[in-house]
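Below: a set of structures, written as structure tokens.
Next, two complexes with chain A in common: one pairs it with chain B, the other with chain C.
Entry: the complex of A and B
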């Protein structure tokens, strides 16, 4: 209970600090918010008038207080570029990103853990060498490069999958693979080393001496012990997916939070940047929180 | 006349094999375990006693360790020739093991109950209720006072003594004919040691089991074992009834071990250590392995490897047995 309260308070502090950082950073980064909204022929007066209308002429701290006040009354503000309400914009973007991010997370653990287990079980075989080499490559290759290569192979040359956009499941495959590649690679390596380490623990010998089958020892006892480090670092995997989503959604034209955020930053659309940046901070924090709760539940020492 | 041995280890050798290396760690070991007796296998660290015990159930790390010779007969079947599936049917059901350091020998992620019922179900087709009943009985038999509470506890909640009793319960659930206990009390404090050993001895009598007790502690041997075998550098150097061997050791090594044991009632104030060190298994001398540390050594000891021979009422591997 005490730790839950502590985590909640820390999360709030983190959100406040990040909101300040985001608020200041976007305003100090230069660029002109009026360029996207007003025609190129607009006069200096027109531009100044627009700034006054949206409150950008105020001191930065005052702007921040106004912004926080509005957020707390449920008004997320409107986009400066097309005046669309952010609340209405957010639902669709969040849904799209949740589909892509969720799929990637499933791939990270759903592919990473079994591959790591196979590599550990068949260690030093050609299968292990293959899986391990692939995971090294997965960690070393930058995702934007991987995206371009996969688009070239599967969209341009083979024509099996669409190169960008959103539609059926076939549109999800390439972005999800690219987004999860590094996470899968890291999970494979962690699973492999944890399984190998636990296989040499004394308790494995005890279970063998009791006559339990190798399959049961491996899939029940060794696996359960090996999942602990994977669960404890699951928060990092969430953070990675959120961070990489900016690049991957942009490359694949996936209409989610990441793409929206990148566009908003380019256009200096302050309210949109603020909302979606904080949303990402919130998701990463939530991911870490979920990981620590999961670790507590999975570890008998902490659960009892 | 003595009955047939339940477990008959004949000329067993276990060795390390790998790239460019190949030497035996356990050499030509013969041990017999008779029904309803406690056989103690004694020796210092690295003498091969634990490896001998592990190889009975094929629990030695293979690779790099392999059984390189001899046979292990259990009720007429050679265990060294069993398929993995048949060996699994022997483990726990016919021959069970209790290990040292019970804290690390129990899976930390599962309760005592899960562990015990899994072991029951590995050999018996019974319902969950029956498996639980068997497990609770085994816990009580192992001397645990509150089996129902312990059943739901995790290993980290148990003391060393209770953990070791859980290990014993784990060995008992399938009612084996033999329990091999590898240094079962080494990690425990002295009062708990005595309780655990008493319990093992009582279980032997109640269930008519045989116990092979691996230990370096001669005090333990004297208090619980019926017969003993002393191992040195991978070989049995002396074996016989505990009373005979301890009263009148014939091998200079056994003699040395006894002189190195502190006694409260003895007048000698100083212990007599055995000088020198145990030869490594890859640098054994041609003659007797103990020659370099023996005060009775002769030229024959250095050139000719002594066989294990009857001497008085024990078997001794020495050219010049102590009288």
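Entry: the complex of A and C
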């Protein structure tokens, strides 16, 4: 328990340090802020005045503390490009990304674990070869290209699913499949090798000798031992999904955090970039912390 | 010699190496054979594959896709391989120091390493692009940082185990300097792991470069990049899908070849290293 507490505290410290680093790094492009907001004819004094007005002349640390205060009061300022309130933007984008990300996580485990189990139980059969090659391919296909192939097949040729946008459940299917593809492949691989490793352990032989049915050995004892480390590492998949969401949301025009951040970076809309980058740093850090705590708790040997 | 014979029997390694040779050949010879990647001729736009003078057809601006694709491979390979090579050097050094000195240095180093390692490469690259602007530089910095910590992490774990071994203890007792012990006794045992692992990180770097260029934050026009070509071609899927299929297949083949080489080399290594690698690549 003590080690868990220590990890949590240290991670929070690093979170503050890294968010400060991101915050300062985004200000490296601060020169462009006045260019985005003021007309080209603005003089150097006008620009300096503007920087003072928005507080860019303050020391970084003070700006950071002020900003954190603003985040907690819910006042995040406005976008430079369309003057939309970032707070209301955030609520909507976070909701959309949570739907897509949540669906992808469900697919990663809901599809990955059963396929991995089948591959392990039918080891070296054609089914195993099929599932394993599928998972190797799933890790090598870049997901933006997979997205284009699926759009071409299911939207352009067959016309079954919409190619982009947001609406009913049919709009969710393609992006969720693409976003979860690599996670599914990885989960299949991990489940398969964990099951195979556990099946060769002594306790399986002992359980067989004790007369337990094969089904009971597989589903109760082997499965539980194999899945615990995989599921406790679910937080790592969150980080992976966040990374890929930046690309996948852009392709499918899914109005989430990833698409918003990429567009804001392209348009140099720094207040928006700032909020959404810090948000993603926060989410990924929490995911990793959850994985590290979960893994410790799931392993009696690591619990101290 | 025995090892070489074993390598030849390894199907993954052979397939991966053959594919890698083809890719490298395309990158070296392609831009010379197919000419200027940026010469535009609107009269020749959207020509199909196999057109006279344009082996892979042309894009919307009439630019030769073969010339663009092969130059794009060059950019991918240079970014992915050279940056990962530098990452292997720094990652190994950091891992050696952290794992061997233990104590406070190690605690702090591994805390930071684990923290950065947890971040997806694409997010780090987008953050870098947010601070220094779009282009290949943020991709290079992100790949360098993330791959360095990834390699340092594994090397450190290996060093922790090796520095307890009798031969290291004996070398210490023999009064050799730390530098000599690290370079002569510890490093030779961990460098193979770092090298094999690096093939996986080359794959990750290729994908990240392509993805960043795809969304417009990576290589900037007129520089051709495979990810950017896939993105430009997707608007003409019905007209001429090859404009996006060809660069897409090339990225896939590049990633597949390095992953196959990685898997093949892993099987050739001794079993102890294999488990370390499996743990490392299960992120």
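The rule is short, and it goes like this: the second predicted complex is superposed on the first by the 237 of 304 C-alpha atoms of A that agree within 3 Å, B and C clash if a C-alpha of one lies under 4 Å from a C-alpha of the other, contacts with A are read in each partner's own complex, and residues count from 1 in each chain.
In this section, a residue touches a chain if its C-beta (ideal position, glycine included) is under 8 Å from a C-beta of that chain, and two chains touch if they have at least 3 such contacts.
Not measured: the values here are computed from a predicted model.
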{"item": "Combined model on chain A: chain C and chain B, fit or clash", "value": "fit"}
{"item": "Touched partner set for A:224, first chain B, second chain C, both or neither", "value": "first"}
{"item": "Chain A residues touched - chain C or chain B, whichever exceeds", "value": "C"}
{"item": "Contacts of A:301 with chain B and chain C, given as first, second, both or neither", "value": "first"}
{"item": "First, second, both or neither for A:166, with chain B first and chain C second", "value": "neither"}
{"item": "Chain B versus chain C as contact partner of A:10, first or second or both or neither", "value": "second"}
{"item": "Contacts of A:213 with chain B and chain C, given as first, second, both or neither", "value": "first"}
{"item": "Which of chain B and chain C A:262 touches, first, second, both or neither", "value": "second"}
{"item": "Partner chain(s) touched by A:205 [first = chain B, second = chain C, both, neither]", "value": "first"}
{"item": "After the two structures are overlaid on chain A, angle v-u-w for chain B, chain A, chain C in degrees (C-alpha centres, nearest 10)", "value": "80"}
{"item": "Contacts of A:81 with chain B and chain C, given as first, second, both or neither", "value": "neither"}
{"item": "Distance of closest approach, chain C and chain B, by C-alpha atoms in Å", "value": "19"}
{"item": "Shared contact residues on chain A - chain B and chain C", "value": "none"}
{"item": "Chain B contact footprint on chain A (complex, rising order)", "value": "201-203, 205-214, 216, 221, 224-225, 300-301, 304"}
{"item": "Contact set on chain C toward chain A in their complex", "value": "111-112, 114-115, 118-123, 126-134, 203, 207, 210-211, 214-217, 227, 230-231, 234, 237-238, 241, 244, 248, 251-252, 255-256, 259, 278, 282-283"}
{"item": "Interface residues, chain B side, partner chain A - complex", "value": "57, 59, 84, 88-93, 96-97, 99, 101, 104-111, 118-119, 122-123, 154, 156-157, 167, 170-171, 174"}
{"item": "Interfacial residue positions of chain A with respect to chain C in the complex", "value": "10-11, 14, 18, 22, 25-29, 136, 139-145, 148-149, 151-152, 156, 186, 189-190, 193, 236, 239-240, 242-244, 246-247, 250-251, 261-262, 265-266, 273, 277, 280-281, 284-285, 287-288, 292"}
